[in-house]
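Heads up, the next two complexes both have subunit A, just with different partners, subunit B and then subunit C.
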Partner chain A sequence: MGKRIGVYVCECGTNIADNVNIDRVIEAVSPLRDVAIVEKYGLLCSEAGKEFLKQSIKEHDLTHLVLAACSPKQHEMTFMNVCQEASLNPYLLQMVNIREQCAWVTSDKEEAAEKAIRQIRAAISRVRWHVSLEKKEMDVCPDVLVIGGGIAGIKASQLLGSPDRRVYLVEKSSSLGGKVKGFDKLFTAMDSGSALIEKEVKSLLGAQNIEELTDSEVEQILGFFGNFEARVAKKGENGERNLSVGAVILATGFDLMDPTGLPQYGYGKLDDVYTSLEFEQMNMPSGPSGGKILLKNGKTPESVAIIHCVGREEKGYCSRVCCVYSLKFARMLKSQLPDAKISQLYSDLCIPGKSYQKFYEETKDLGINFVRAAKTTVTQNTKAVAVKYEAENGSKGELAVDMVILVPAMEPSGDTNRFAEMLGIPLDEEGFPVAEHRLLGPVASSVEGVFVVGCAQGPKNISETIVQSEAAAGKILSSLVPGRKLELEVRTSEISETFCTGCKMCISVCPYSAISFDEVRRIAVVNEALCHGCGVCAATCPSGAASVKNFGFPQIYQEVVELVR
Partner chain B sequence: MENKGEDRRVLVIGAGIAGIEASLLLANSGARVYLVEKNCYFGGNVIKFEQVFPNMECATCMIAPKQQELLQNENIELLTLSQVEAVEGSVGDFTVKVKKRARYVDMQNCIGCNACLESCPVEVDNEFEEGLTKRKAIYIPCAGALPNVPAIDTQNCLRFNGKDCQACQEACMFEAIDYAQEDEELELNVGGILVATGFKPFDLSKTTQYGYKKFDNVYSDIEVERICASNGPTQGQIVLRNGKAPESVAIIHCVGREEEGYCSSVCCMSSTKLARFLKDKLPEVKISQFYSDLSIPGRAYQRFYIEVRESGVDFIRATVTEVSESGERLRVNYKTEDGKENTLSVSMIILSPGLEPAVDSLELAEMLGIPRGDGGFFSEKEPDLDSVDTIREGIFVAGCAQGPKDIPDTVAQAEAAVGRLLSLSR
Partner chain C sequence: MTPTRKGTIYLSEGDVEKGVLDFMKQALSQGCFDAVLIPTRVSAGDSVAYSLIRDEALLEGASPLPPIMPVQGARAISSITRRGKRNKIIAAVVRPCEARATVELAKLGQANLEDIILVTVDCPGVMPLADYFRSAEDGDKTFRDASETWDSEPMRPVCSICDKFSASGAEDLHIGTLGAKSGTMVLIPSSGKGESVLSKLGLSMEDDISSWEGGVERLTQERKQKRNESHNGLRSEIEGIDRLLESFSRCINCHNCMRVCPICYCRQCYFDSDKMKFNFEDYLTRARVRGVLKVPTDTLLFHIGRMLHMSLSCVSCGMCEDACPMNISVGQIFSLVGDRNQEAFSYVPGRSIDEALPLTTFEQGEFQEVEQSHSVFSVKEKQNG
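So, the complex of A and B:
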C-alpha cells in the first residue's frame, strides 16, 4: 500500500506563526514524496484542533503523521491519543519541535523557516520507516520474596502480607530478629532491642498470608519483575521449594569490618579489645556474663576507650550510625559503672538529624571525655592498655585504659554480595548494590522488581532501615496490584537472529539485565518485559543485530541524512 | 468507610520531591490523589538547585520528568495556590477543607508563551530568586517552572489595586487571562493524609556576627544556588553584586546550629557541593570552608569530600567569630579548637544555614492534631523506630517536614509513607 503522510504545522497562537514563515514551510514540504496533505492550524492542542486533526487523518486516509509544533514532552501523548481515536497507530506519529528548537531561538523569520523545513523533511524521511507497534500486557504474580529476617525484612513483610498477596520471609538462621535482637539497648530511648523484636515478630504472626521460612537459604532466583521463580532449601531437610513471586526484597543486613586486618588496634592480640558487636553481646542479660561488663580477668573495667571510625579510611565512607551508638555505649557503661572513666576518640562527630545533638549533649554531661584523635594505636602496657593518638594540632596524646571498644566500619553482609551476583545487580565503588537511581530510587535496585533495603543498601540506623523496608513495600504495593496486568514498554530493543554473532557485548552493557544468552541458538535474546528501550545494546552491538523499534538504522539514518543534507 | 483499591483517596500536602514521589506511586496504584501546594508552581526546594550532590546532576532535569508525569496523570489533582484550612474525621474518612486561591490565568487556555509577562508594567522583587532579580505582577517564578502557567499576584497587580490596567489580558492571544476568577473553597473526602511540607532555611537575620544583609558580598547558600542556576538571575554567571567574579570565597557551615540545637544533616555536603561548583566554573578561585565537625554519612559522600578537598579547597576546623568589611573585601576572624585566633581576607562569604520546618508548620500541626518535637519538626509516633507514622492513625509525614535530610532519604520516606497508606484498612 502506498504511504500517505500528513504534515500539520501548528501556529501555536502567535508563538510559531510570528517567528517562522509558515507559508514558506508549507510550500517547501508539500511536493515531497508520499506527502498527502500539508496544513497549518492555529492551535492543534485545543479541543477544536484535536477534532480537526482527527477528521483530517480520516478524510485523507493517512498512513503516517508528522506534527510540527511544540516539544513532544508537552503534547506527544495528546496527539498519540488523537491518532488512536482516528484509528491510526500512534507509533506512526513523529513530532517536530519547531517551537522551542526553532521559533523561540531563531530571531530571523526566514532563517527559522529554513530550519523548520529541514527538521520537517527529516521527520518525513524517518516516519516513512516507522512501523505499527502494539501495547502489550503481562500477567503478574503479586507475591513477594523477602530475604533476611531482621528488622527490615520483618517490617516489609508486615506491610505486604494481605489476603490477596502472600509473603515468603526467608531467614537463614533459626529465628527472626537479625542483629537488633542482640542489642540490649537502642538509642535514643534506651529501650530493649530484643523486646522490640519480640513485639514485631508477634505482630507478624498475627498478620495475614505471611510464611516464615527460617533455617532456609535462597539458592537461586530466575525470571523478572512480575514473574520470578525462587528456589529455597531448608537446612537439614531434603528437597527444595520453588516459589513464584513478583518481586524480591533483599534485606540481608550488614557485617562489621574485621579489625584483625588493622593491626594498629591490637584486636585479636590484646585481651580487652572488643568490637562494638562484642560489647553489645556482653550487655545482653542472656549473654555469657549475664549482662555484666567484665574484663577477660573477671574484673570490672575502671576506664574504657571507645575508638571511632575503625576502618573508615580503608572503606572510604562514614558508617553513619557509629557516633550515635558510641554515645549509647557511653551511657550503658555509665549506668552500670558510674565511676568508670570513659573516653571517646573520634575524628568528626557525625550526629545528623533533629534529635541526636540533645542525646550527645546529655551524654557528654555524664562526664564523658571526648578526644578528637587521629592515627590512634592500641598496645599493651605493663598494667593497662595504652591508647596513643595524635591531636589535631599535631601534639601526641596517650590514655591508659582497662578496656577498648573498637567501632568498625559497616559493610554489606557477605550474603548481600552473593545475592547481588545471583540477581545480576552490580556493586558500586563502596561495595553496595547499585541503586536504580542514587537520589530518586534509593531502594529500587538496577534490576526491576528487586529492592535492596536496610544496611544491605548502605549503613543506617533502625528507623532509616524501617523507612527503607516500608519504601520497598510502597513501591511494590503501587506497581504489583493483585489482578492487574503490567503494561510493558512498547519501543523495546530487538536482536536479529540472523545478524547476532553471540558476542554477548549487549548483555554486558544492558542496565536492566534484559538480555540473556540462548545457549542452544547461540544468540542474545531480549526479554521484552524488562527492556526499557534505552538503546545501549544497539549502540554497542558490533554486528548491527540489536536495534530499538522505530529507532533503528533506517529511521535514524534517514533522519540524519535529511538534517545534514 | 471503604477505602481500598480504586476507591482509595489520599491528600498529599506539599508538592516538593517527597510529595511528587508519593503522589505518583499512590496514583499508579489506582488511588485518587489530591496534591495541595501553596505556591503557584511545584517542585519544592529542589528546583532551586542547579546541581545536586554527589553526582552533580542537574536538579531540574532530574525532577522535570517526574513533574511532567505527574501533570499528565489523571489520578492526580494538583491544587496549586492552595492551603489546607481544616481537617476533620479519622482514618478512612477525613474531611478536608482546602482554600484554592485564584490564579487569574486559565490553566487550559494558557500555553505558557509568556507574552503577558512582557506587557505587565509592574516590577517587584522575585522572592523565588531571593530578591536577586525582579519579576512582574503576573509571573512565573523562573524559566522552566511548572505548571508553565503564570499567576497574578494581586498584592502588586495594578488592576487589583484600583487601577484600570489590563495589559496582560490584551497581550494574551489565547483568552487565558480571567480577572473574574474567584478563590474556591474545596471540601475533599480522603482516607489518608501525607504531610510533605519540607523545610525553610534558618533565618539569617537572627545572626549578627556574619554581616548578612549588612555587607554586599555576604550571601546565603540559597542565594548562591540561584546565582549558580542557569535559569537564575545571572544565567549561571558567578558574579557578585558588584558584577565581579569572586576570587576567594569563605563558606561558613553550621550557621544557626547552636540556636536550633541540632545538626541539619545535609549542609556539609551542600556546602562542599557549592565549593565544587564554584571550582568548576572558576578554576582559579580560592575556597575555604569553616566547619566544626564534618557530617558526611553514608555511601559516596566521603569520596565526594576528598575529591573536593584534593581540588584545592581548604577545610578549616574553626568557629567564625566575626566578619568585617575592608574596602571591597571581607575579613573573616576565626578561632581554631586549640584557641588560636586568625584572620582570612576573602571577596565573598557564603553562609550555610541549618534547616527548619517550613512556614505554617505550626498551624498545620495544630489542624492535624500532630505534635511537633525537636526543632519544631512533625513528631513521629515512635521516635527512632517508625519515622513516617504519626500519633494520628492515617496521617503520615515524609521528608524534611519530619526532620532535616537529603534527597534519597526524603524519597525513601515518601515511598515508605505510600507503603503505609496503601496497606491501611485491610
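So, the complex of A and C:
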C-alpha cells in the first residue's frame, strides 16, 4: 500500500489563524507527493477536534499524520492517543510547531505562511521515514530498600510497608533510632527523643511486611527504577543477601564536622571542650554520668560557653538547626545547674519558624548571656578555659568558663560518597546528593527510583526530615503500584552491531548508565529499560552506530533538506 | 624547561639503527620481553613493513628508523592487541608520533597496552613515499644524510614542522640520540615498564643526560616557531568555506587519507556507508536547488566529518598527506585544525593514557566564553548596541 499522509492545520482559536495565512499554506502543501488530505480545524485539541481527527484518519485511510499546531510538549500525547484510537500507530505522527515557532514570532501573515509551509514540508518529508513502534511495558517490583534506620528511614518504612509491598530497612549499627535516640530532650517541647524513637520503633514491629536488617551494610545496588538488585551483608556473618526492590530511599543522616581540624577551638587538646553530640550524650540518663552534666574532674561546671557556627565558614553553608538546639542546651543546663553562668557566642541567630521566637525569648529570660562574637578562640587559662572573641563593636572580649560546647556544622555522613558512587548520583559542592530539581524535585535524585531524604539530603530538623520521608513514600506509592506495569520510553537508542567498533565513547557520555559493553562481541549494548532516548550517544558516536528510533539519520536528514532548500 | 631527567648513557657502535638493534637484541636475549614489533626491510629491499620477531637472530634484518612510514605503527599495534592481553610482552619500536597515536587508540578501546612496551627513538622525520620510491637507493642516501644533520628538508611537510619528535610521555622507554655524545645513546625510562627493562639489564638510571635534553630543547623551540609560521600561512589559505572548498577541490573521494589514518578506527566509515547513499530524487532535488550538483557528492563534508571525529586525537603524523594521490595538503590542514582544537581543550593526544578524551568529560565552567557569546541576551545586546 502506498503512503497516505494526512496534514491538519490547527487554527488554535485565533492564535494561529490570526497570524498565518492558513489557506495559502493548504494550497502549497496539498499537491505534495503522498499527501492524501490537507484540512484546517478551529481547535484540534478540543473534544470535537479530537473526534474530527479520529474520524478523518479512518475515513481517508491515512498511514502517516502531520499536525501543524502547537508545541509537541503541550499536545503530542493528546494526539498520540487520538492516533491510537483511530488504529494508527502513534509514532507515525509528526507535530509541527507553527504556533510558538511561527505565529507568535512574526506579525507578517504572508512571511509566517512561507515559514509554516517550509516547516510542514520538512515534517512530511521526515514522517515518511518514521517506523511504527510498539509500546513497551515492564513488570516492576514494588518492594523498597530503605538505607538508614534513623527517624527518616523509620517514618518512610512505616508508610510503605503493606501486605503487597515489603520494605527492607537496613541499618549499619546494632539498633534502629539513629541520632534522635541519643537526644534526651527535643526542642521546643523539651520532651524525650529516646522515648519518641522507642515508640516509633515499636510501631514498626507491629507494621506489616517490614524487615529490619541491623548490623548490615548495603554493598552493591544494580539496576533501575522498578528493578533494583541490592546486595546486603550482615556484620560478622558469612554470606550475603540479595534483595530485589523497585525503589531505594537513602536516609543515611549526617555527621558533625570534626572540630580537631579547627585548632582555634582547642577541641581534642583541652579537657572540657565538647561537641554538641557529646553534650547530648552527657545528658542521657543511660550515659556514662547517668545524665549529670560534669567536668572531666567530676565537678559540676559553674560557667559554660556555647560556641555557634563552628566550621560554618569552612563549609560555606548554615546548618540551620544549631541555633535552636543551642537554646535547648541552655535550658538543659539551667534546669540541672540553675546557678551556672551560660553564654551563647553566636555570629547570626537563625531561628525562623512559628514556635522558635517564643522559645528564644523564654530562654533569654532565664538569664542567658547572648554575645554576638567573631574570631572566637578557646585556650587554656590557669584555672579555667579562656574563650576570646571580637565583639560586634570590634572590641576584644574574654570569658573564663569551666566548659565549652562547640556547635559544629552538619556534614554528609561518611557513607555518602560510597552510596553516591554506587547509585550514580552526583554530589553538590557541599558533598550532599544533588536533588532532581532544586525547587520542584527536592526528594528525588537524578536517578529515577532513588530518593534522598532527611539530613542525608542537607541539614534539617526532625519534622522537616519526616516531611521528606513522607514525600518520598508518597512518590513511591503513586508510581510503583503493585501489579501495575511500568511504561518504558519507546523512542530509545539502538546500536548497530555492524557499525559499532567498541570505543565505549557512548558509555562514558550516557547520563542514564543505559549502555554497557558486551565483552564477547566487543560492542556497546543499550538497556532499553534505562534509555530515555536523549540521543547523546548518537551525537558522540563517530561511526553512526548509535541512533535514536525515528530520530535517526534518514529522518533528520530529510527534515533538514526540506527546511533549508 | 622540564625538570632534569635521569637516564642511562648507553655505549653504541655504528649508526643509530645499529645502536638501537644492539640494545633491543640484548634486551630480548635477557628476557626483558618475548617479542619485538619493529619495522623491517621487505625482501626486495625497497620498502619496510612491521614484523613481529621472536628470534633474536632475525632482529638483524630490522630497520628501527627507516626512511619511510608506509604503515602507521599504531595500526600495527592495534591489529595485534585489540582483542586484549595475551600475557606475552611485546616491545614495539615505533616513532614518537606512532606511540602517541597508539595511546589514543588505547583510549578508544582499539589497542591494549597492558602487554606492550613502547620504545621510541628521536625521530628525524620520514620521507614522502613518492619521493623515496623514485629511487630507493637515492632515497636511502638522502635520508641518511639528512638525518645526520637533522635537516628536515627532504621529509614529509608535517615532519619538518614537528615539535614532538622526541620523548612525549606516550612511550615506556625512549632512546635519545639528539645531542648525545658520539658513540653513545641515552636511554630514558618514562614508565615502570621502561625502568624494569633497564634494571633487568643492570643499567644505571642515574646518568647525566643533560646534553641530550639540551639538544632536544633547542630543536623543539626551533620547530615550534617553524610550526607556528607555517600554520599561520596555511590558515590564510584555507580559512572560510570557500577557501576550504578550494583546498579540497582536487579530491577524488578515494578516502585513502581515512584508510591510512591511525586514529580513524571506525569499522566502516560513515561516509562510505549506505547511509550516505540517497535516493535518486534526493540528488535531483539538490541539483534543482543549486542548479548544479557535483557528483559524487559531499566531498568536503567527508573531510569536515573526519576533522570533527579525529582531530582531537590527531598526532600530525602525515600519513594522510602521503597517501593522497592528488597532492592535497591534507596532513598540514589537519595538523593546523588538530592543534587549534586540542588547544581549546588543553589536550595533548598521546601525552598520557590517564588523560580522558575531551568529548567524554565535562567540566563545569569550560567554554563559558562560547556560551556567553551565543546566549540570547548577548545577541540582543549586540543588536541593540
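Here, the second predicted complex is superposed on the first by the 479 of 565 C-alpha atoms of A that agree within 3 Å, B and C clash if a C-alpha of one lies under 4 Å from a C-alpha of the other, contacts with A are read in each partner's own complex, and residues count from 1 in each chain.
The rule is short, and it goes like this: a residue touches a chain if its C-beta (ideal position, glycine included) is under 8 Å from a C-beta of that chain, and two chains touch if they have at least 3 such contacts.
The model shown is predicted, which means the values in this text are computed figures rather than measured ones.
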Let me test your reading of the model: by the given contact rule, A:Gly441 touches which partner, first (subunit B), second (subunit C), both or neither?
first
Contacts of A:Tyr317 with subunit B and subunit C, given as first, second, both or neither:
first
Who does A:Gly261 touch here: subunit B (first), subunit C (second), both, or neither?
neither
Under the stated touch criterion, which partner chain does A:Val561 make contact with: subunit B (first), subunit C (second), both, or neither?
second
In the overlaid three-chain picture, which partner chain does A:Gly353 touch, first (subunit B) or second (subunit C), both, or neither?
first
What is the contact status of A:Leu477 with respect to subunit B (first) and subunit C (second): first, second, both, or neither?
first
Looking at subunit A, does subunit C or subunit B touch more of its residues?
B
After superposition on the shared chain, which partner residues are touched by A:Gly414: those of subunit B (first), subunit C (second), both, or neither?
neither
With both complexes overlaid on chain A, does A:Pro426 touch subunit B (first), subunit C (second), both or neither?
neither
In the complex formed with subunit A, which residues of subunit C make contact?
83, 108-110, 265-268, 270, 273, 275, 282, 285-286, 289, 308-310, 356-357, 359-361
Given the complex, residues on subunit A that touch subunit B span 12-15, 43, 45, 70, 73, 77, 159-160, 162-163, 186-189, 196, 312, 316-320, 348-358, 372, 392-393, 428-430, 432, 435, 438-443, 458-464, 466-475, 477-479, 481, 484
Residue numbers on subunit A that touch subunit C, as the complex places them
498-505, 508-509, 522, 540, 542-544, 553-554, 561, 565
Which residues, counting only subunit B, touch subunit A once they are in their complex?
5, 21, 25-26, 28-30, 52, 54-55, 57, 62, 66, 68, 72, 111, 113, 115, 173-174, 257, 261-266, 293-303, 317, 336-338, 373-375, 377, 380, 383-388, 403-405, 407-409, 411-423, 426
